[in-house]
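Consider the two complexes below, in which subunit A is the common component and subunit B and subunit C are the respective partners.
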Partner chain A sequence: MNGAVTPRWIALWPALMLGLFFLVPFGIMISVSFAQRDAGGFYQPGFELASYARFLAPFFARVLGVSLAVSLGAAAICVLLAFPFTVFLASMSRKVQTRVLVVLLSVLSLSEVIIGFSLSTLLSQTAGIGNLFYWLGLIEAPRAYTPSLFALMTGLCYLGFPFAVLVLYAPVSRLDPEVVEAARTMGASAPRAFMGVVVPMLRGAIVGAFILVFVFTLGSYLLPQLLGRPEHWTLSVHITDQAIYQANLPFAAAMSVFLMLVAMALVGLSSLAARDGGAA
Partner chain B sequence: MSQHLKLAYICVILALLAAPLVIVTGVSLNAGQSLRFPPDGVSLRWYLALFREQEWLVPMRNSLIIAACASALAVLIAAPLALYAWERTGWLAKLLTGMGMAPFALPPVISALGFMIFWMTVGGYGQIWATIVSHGVFLVTLPLVTISLGLKAMDRALIEAARTMGADRRTVMRTLILPLLVPYVVSGYAFAFVLSLNEYIIAYMVAGFTVETLPVKIFNALRYGYTPILGVVSVLFAGFAALVFGLIGRFGNLPRLMGAERVRDE
Partner chain C sequence: MTELRIEGLSKRFGTYFALDDVSITIPHGRFVCLLGPSGCGKTTLLRVIAGLEAPSAGRVLVDGVDQTAVPTHKRGMGMVFQSLALFPHLDVAGNIAYPLAIRGVDRAKRAARAQELLDLVKLPGMGGRRIHQLSGGQRQRVAIARGLSIDPQVFLLDEPLSALDAGLREHMQIELRQIQQSLGVTTVVVTHDQKEALTMADLVIVMKEGKVQQAGTPMEVYHAPANAFVADFIGSTNLMPCDCDGKAISVLGARLPVVEGDLIRATGAAQLSVRPENVALVPPAEGIPAEVTFIRDLGESVHFVMTAGGRTITAQVPPAARPEIAVGDAVGLAFRPGHRVVLA
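Coming up: the complex of A and B.
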């Protein structure tokens, strides 16, 4: 290219780094998923489908069901709360928007372990809302609300909400405010303009945010352990458990490959949705 | 809907997001061993303890070293990648951008297991530099996004003017593009730094048993029981993130960095 300011060889270094440290690990992981388990915690090169055959066991179906159910639930709640939040946020002044974004980014970057610890404190018997309800006279004795499915869902929503807002933020803020004004001038009530104009115009973005939050919470590893009971352990927890504590790398790798295919299919779907839905 | 109601909705949600952190701040001020809210006597003893105890100082140092080096590596990979993809639309540009974005579109446990098996196979499992390289590659997405935004915002007419006036490629790069990119590079570095500091699963699976980072240490400590010191660490983490993003918001255009195009300046 004649007009290009940057030389071609500039791509060499990033291609090398990403190829070596991103593609190669994935390649190895895929090959390990077909390898034979080694009692020492490593693997024997080989080709067998034993690890994949374990997907047929009821254990795996249950884990997968739990993972999908909690992540779908969390993604739905996050997007339901985040969509109006983002639309309102985009109508604020730059100063307000910047401050809210600072809070959201800070919460987004919080380590899962800190979110888990904070929420289990909030839901605990001695420091949390159980205590507050007792003090208000709503319940008869202070009680803990964790570990439970409720605590886990709260945690996943806490994790996913800032993410949902930030994914929605760009398309929402690009929406022309005059479109809503036009609908209002033509006599549509505010809720009607919102449901009839804003939501359909941003359908693609909403589906995209839903799927990305779903994939994001699907990867949550610590929250199910900190806030949920063992029956709420998700695929991510089991992958790590198999890799580190059960010393079964091939099975962990096979589950990862499966999870990766699910995530890739969903991300592909979301980009399709974004394309035909149109992000204004 | 009136502006007041909108603001009220935003404030309620922000209050819910802040609630656990408020409780944790209260808990961190406890004078005793137990986690009580409101605190059982107010003291800063756990804050002092954190900076005195070797078992916390070592993970803190590990985390800071990893975050500083890994985000530098992420920027070093992302900057040439963004520059390359900026002016080109070929398959290589698409492939590289896709690879740079992929870590964030996949559940992190997958990358973590990939890195773990990789380092076990080639050697380096349990070494601090393995964590640094893994984090660096994993976090490429953030500087890639910010630097690409910076390039997109750049006025091509400026570059053409410089070229017409006889500046060669190198001069254009050195005197025009790189200086204009500095704020985007800095914010990309900052994003990657904060996320690396908070990252758990990769740090744990690549070198969790030998190189303890702060999140790994917190999780290990949680298993032995909750003490106010964990509240202290959480407060410092949240405070640090708020400081970094607050600075970006103060000196940069955060809404723009997040992809907004029309924001009222007031």
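Coming up: the complex of A and C.
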């Protein structure tokens, strides 16, 4: 039916774009990861597994662990905050909903740099909220809350929260309110109806929001440096470090490939879990 | 035994009364239809009975026990929603047994009960299907089965058949009535379809603007409407201004003596209601003079649309008794004695 109006070959366009701007650079990155490092600053084409071998050191295993833990944590916190928030938002009037969504969208226009520096100021000893707590008599002396894991998580959640809300908003607002009422007439208390009916019905959207925030924060390399301690530095930070400061492009590429494989495996697992859950 | 009593129920939204002092008593096991145009308050009344809406005034009593302050999930009523509100994440049996799962009934008993109810709604062996695999009529049956799974004292349905096409709807009306009769559960159905109400109900409650206009059996509201609104809303009727002194009705320049069977609910200036099937066509000299303006032949019956004294009057005759009359002919009208209703 649509074929008459929209020619089929139009589908080639996104495929072409994907190939050109994703697959080609990805191919280059894979080939670089096998290349030989040139201490002069670039690399010699070749095939060796030295970069991958180096990655197998316990240090990088720990870094990978930190990266995954930080991103999974941020994704979990974002979804836990965003889900009730979105359910509440969907119950508001249209006008309020539009305003809140505009504010959320405008947060997306802030770059990681601005968010990072704002938070590091806000949580600092000299100009931060520590002074407010001190003035209120909550603490003995003004103190800094950055750098710390708390500051890092705050920054990542600030970044990920709008995405989580935007992914959840459409399915949540489409949810038939009679479904909750039906569960209520059948004997479910309000919390039980929420956990037993609303959450399972939106399982797909919840997993989607979780994956989006996870992948998004996995690539963050500025916030860990601005807000975290060195032990919180993620793999992305080390990739940047190797690529730009250590001039070791093959190693950076190898780490990137590895990070991507791990991320893809996790995304695949969680979407599989969502499908199984939906069919159970 | 479950008697549902509604006492002086009002529901106000700002200055607007969705329900205005409604009192109804529904004896055990009756099938009641709340009937009225959209915005008449029938759905609000059902929601107040279910506890989904708190009344501004009045009480809901089940067997004399005040339920007004009891939260929805503790009322133990079964309800079918207009959107059906089936749970897509559960299969058919899971949907039907959900109220039992909430009550902690064990798995084997839940499965047995789901099977029993699937047999009742004529969907045997469908327990393992997903909701999205079902047709509209099948979903309807699942929703009815789910509403009945805890053996509710009161069974509530909000426009349950409105999403079905005409043929299937008529079929489901009969089936719903049969299910209700076999279980004997006190049932309240909201509908705007008067045929549906007449098909299913023991008791029809006609509502308009938040007020009960008439409560009676289908034949009472059809043959002895309380007012012009009910006469017009249930079936179709011819309404014309008249003057009545109790002995005769003056209408369209004629004076018709009141006979046994005519219903006189008002005297003085009033309205005469005569159903189209009770309008007879006679030679011009023997009845009220009228002119035929349109003939609608529906096969099962023929409708003659006429003007008399500036008013449009419709007569309905069976095809076998169709007189030889064409559009533009002058005819005489007679209102069948004993079938005339004078209303305020």
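Operating definition for what follows: the second predicted complex is superposed on the first by the 245 of 280 C-alpha atoms of A that agree within 3 Å, B and C clash if a C-alpha of one lies under 4 Å from a C-alpha of the other, contacts with A are read in each partner's own complex, and residues count from 1 in each chain.
The definition used in the following text is that contacts are C-beta pairs under 8 Å (C-beta built on N, C-alpha and C of every residue); 3 or more make two chains touch, one makes a residue touch a chain.
Bear in mind that the values here come from a model prediction, so they are computed numbers and not experimental data.
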{"item": "Fit or clash - subunit C, subunit B, common subunit A", "value": "fit"}
{"item": "Touching partner for A:Arg143 - first (subunit B), second (subunit C), both, neither", "value": "neither"}
{"item": "Partner chain in contact with A:Val5 - subunit B first, subunit C second, else both or neither", "value": "first"}
{"item": "Greater subunit A contact set [subunit C / subunit B]", "value": "B"}
{"item": "First, second, both or neither for A:Val197, with subunit B first and subunit C second", "value": "second"}
{"item": "Cα-centre angle that subunit B and subunit C span when viewed from subunit A, reported as a multiple of 10 degrees", "value": "80"}
{"item": "Contacts of A:Ser189 with subunit B and subunit C, given as first, second, both or neither", "value": "second"}
{"item": "Touching partner for A:Tyr169 - first (subunit B), second (subunit C), both, neither", "value": "first"}
{"item": "First, second, both or neither for A:Arg229, with subunit B first and subunit C second", "value": "neither"}
{"item": "Partner chain(s) touched by A:Glu178 [first = subunit B, second = subunit C, both, neither]", "value": "second"}
{"item": "Shortest CA-CA distance between subunit B and subunit C [superposed frame, angstrom]", "value": "13"}
{"item": "Complex interface listing, subunit A residues touching subunit C", "value": "176, 178-179, 181-189, 192-193, 196-197, 200-201, 203, 278"}
{"item": "Subunit A residues within the subunit B interface of the complex", "value": "1, 3-8, 10-11, 13-15, 17-19, 21-26, 28-29, 32, 42, 81, 84-85, 88-107, 109-122, 124, 126-128, 131, 158, 161-162, 166, 169-170, 173-174, 190, 212, 215-216, 218-219, 221-222, 226, 236, 239-240, 243-244, 249, 252-253, 256, 259-260, 263-264, 267"}
{"item": "Subunit A-touching residues of subunit C, taken from the complex the two chains share", "value": "50-52, 72-79, 81-83, 85, 87-89, 98-99, 102-103, 146, 150, 156"}
{"item": "Subunit A-touching residues of subunit B, taken from the complex the two chains share", "value": "1, 3, 6-7, 9-10, 13-14, 17-21, 23-24, 26-27, 34-37, 76-78, 80-81, 83-84, 86-88, 92-93, 96, 99-100, 102-103, 105-118, 120-121, 133-134, 137, 140, 159, 169, 172-173, 177, 194-195, 197-201, 204-205, 214-215, 218-219, 222, 226, 230-231, 233-234, 237-238, 241-242, 245-246, 248-249, 254-255, 258-266"}
